[in-house]
């Protein structure tokens, strides 16, 4: 697997798009910092961008890489390697090269600006960690879609739909649901609904850092416990890990049963 | 016998007229308890208490005395009763370490209680595990300075206030540290009083609490991690300058609560990381100028009955919500502030944004309506509906805007 | 060597292999023929483990290949479409596959044979279709495995390379290997086949030499022989 990973990674970090992606984050980070002159504000703005963008890029890169390397995958399948290793290797190649672009692209301007000597360092690290998780999750979801969908155009369509659903539509329905059932106790429901969407989950993790003062304004005991103690942090991270492991597991499961 | 008595009277008179005497208290001294010293002392005497532990109960000071502790002698009420009750003018209590005042549901048992006297001076004491700490009633003039008062209050019902003033005037409360009580400093019917340089922390209700008090001033205090920072209720002409309100978190928690107050001045304060920075309910003609609001949940919540307040030249930096507003009319002025979420431009370079800023987000209404929806904060969908509301307001008062938003943060000392 | 027993495979409603049996125990060149959709590629891919049969067994060198992967060390495979990662160079691709298969036997010889030396440092994405196919050939022959499977190997090759490929295949046969080839070029079949395996509707319809096929169908030439099989069955 490591061999496949190595070559996928090499292949990808030499692609023009990796550099475009890297350059985008470099630019975004620098512009935010040097225009705002305020680390906290830059982190907040960055969060708005990242929570939406990393899933999109992860989805698109994942699906494109899978489809474009399909014939090559067939060549690999005829080699004496375990199937699961091929797909895990390719998946990790994509996911890690995207994460590398992200971390380097955002790392350089913030380190240059002195994030290590600032109080915003934990907010910033949380941001990078969740962004990496989102990349891992959505690349895995994209691979899942690609493995289950032979038709590229359809697969691409499903992937974009998935992103649109998770990033926007889900929250719309969620909010609608909350307003419609506002007479009922909704604490557990709203936390549960948050867990079902990795984008929402990542947002909550960042909110725990940036907006804890507002979150503590809610009266309910469940929220108090969730946001007021480490429980929220632990549960969110655990579920995020489940969100990463499940699609990866399904990549292995599906790829072991698929005909090429 | 008669001669002896005459001699004593003579002696006392002569001592009194020459200079007051000093009574020294220590465990091996002739006078070994504070109560004994107080009972034998004459008006104007000084009692000097040496280092040591003194178990005492209910000492009434009925004459002008100066009580001074050396190296903080411990006066322990052993959780059995109250301690000093002062019913004389111009009493000084200084340098004592008073401990373990009994809690009570029927009586306000205190470490030091001054009843209807003036010119008291309570300085440099350490009060620990108290029910009520310093209790002032019906006094005119006096100083409470450099004391450290700590309690271990658990809930509101069986706890007292660290510094409690009732029906008093012209008191100075300076540089005290109060912690863990019900209210850190409580003022009811107290006028013309100054509260300055104090630190009030971890109190379960309020850091500082005004009720029916007028013409008071508090400045340069720090209120941190209290149930709520400062509550100003049913009071007039309160001046609030240079205070820091920090990390007052909770469902009913604010940096500053204003309720039914008139004509206050709120200048140069910092509100940082509070659930609500200022919660204004029935507040009128208040000037809120040159304050910093940093990373609060809601920088300002304006509930009903607020008229003619001016919010100008403040910095609103990275608050979750800058403003939440109840009602469809706006009679308050929000011009000339700096808002970190302002996304406008300044083409004529005069430092004032060319498009007005709307500080109220639609989402803050939704959160008021369905509090659980707070988990959707900063979601793309929420940003989209906020944006649409900003473009064409439906829910927020049309004139609730800052017409001269400042591009840069104001420097506030 | 290769034993296929009672192999079934359905793709959705479409039953492609219907109890196919094939036993190749001798060495030589076997061309697998059949109309489109008859199951040629499915058979090959089943042998390679790329398609997972619904039922039946495939035994290679005495070992059932179900859920196995290391038996592929004994098989060289050349896929029909050569589409490699476009950002890797030819050399890197070779290195990578070599890396995966432990050891190459004659890379340099083959590179020379197909004139690929000048392309070694070029990125795969910039190569022409023919050059890609040459890379494909080198890749599949350099490990010198006892079983070779070629799926339409002639696609896109210039005449010179085609001759070299034929020579290569013949020399491999002489080394005593088992070679399975699918192709549509009947000349090619006639020139190199030891045996023809004709698949029709998911089973082996015919197996034998070129001459046996001609005799059976009473035709002079192999294209007509095959055409007659098809018209007989579908008529």
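Observations on the model:
For clarity, chains are labelled A, B and C in written order, and residue numbers in each chain start from 1.
Methods note: a contact is a pair of C-beta atoms (placed from the backbone, for glycine too) under 8 Å apart; a residue touches a chain by one contact, two chains touch by 3 or more.
Source: prediction; values computed, not measured.
Leaving out chain A only, the rest of the assembly separates into the touching groups B | C. The most central chain, judged by C-alpha centres against the centre of all protein C-alpha atoms, is A. In terms of the distance between Cα centroids, chain A is separated most widely from B.
Our note on geometry: chain A versus chain C, Cα centroid distance of 42 Å, whole angstroms. Here the spacing of chain B and chain C, counted between their Cα centres, is 88 Å.
Per-chain Cα centroids separate chain A from chain B by 46 Å.
Listed for chain B are no residues, as none touches two or more other chains.
Residues 9, 11, 45, 48-52, 69-73, 75, 77, 79, 81-88, 92, 96-97, 99-101, 139, 149 of chain C touch chain A in their complex.
Those residues of chain A whose C-beta lies close enough to touch chain C in the complex are 3-4, 7-8, 10-12, 14-15, 68-72, 74-83, 257-260. Here chain B touches chain A in the complex through residues 247, 249-253, 273-276, 295-298, 317-318, 320-321, 340, 366, 369-384, going by the rule given at the top. Chain contact summary for the complex, chain A toward chain B: residues 38, 40-41, 44, 47-48, 51-52, 167-169, 171-172, 174-175, 178-179, 182, 186-187, 189-191, 194, 200, 203-204, 206-207, 210-220, 223-224.
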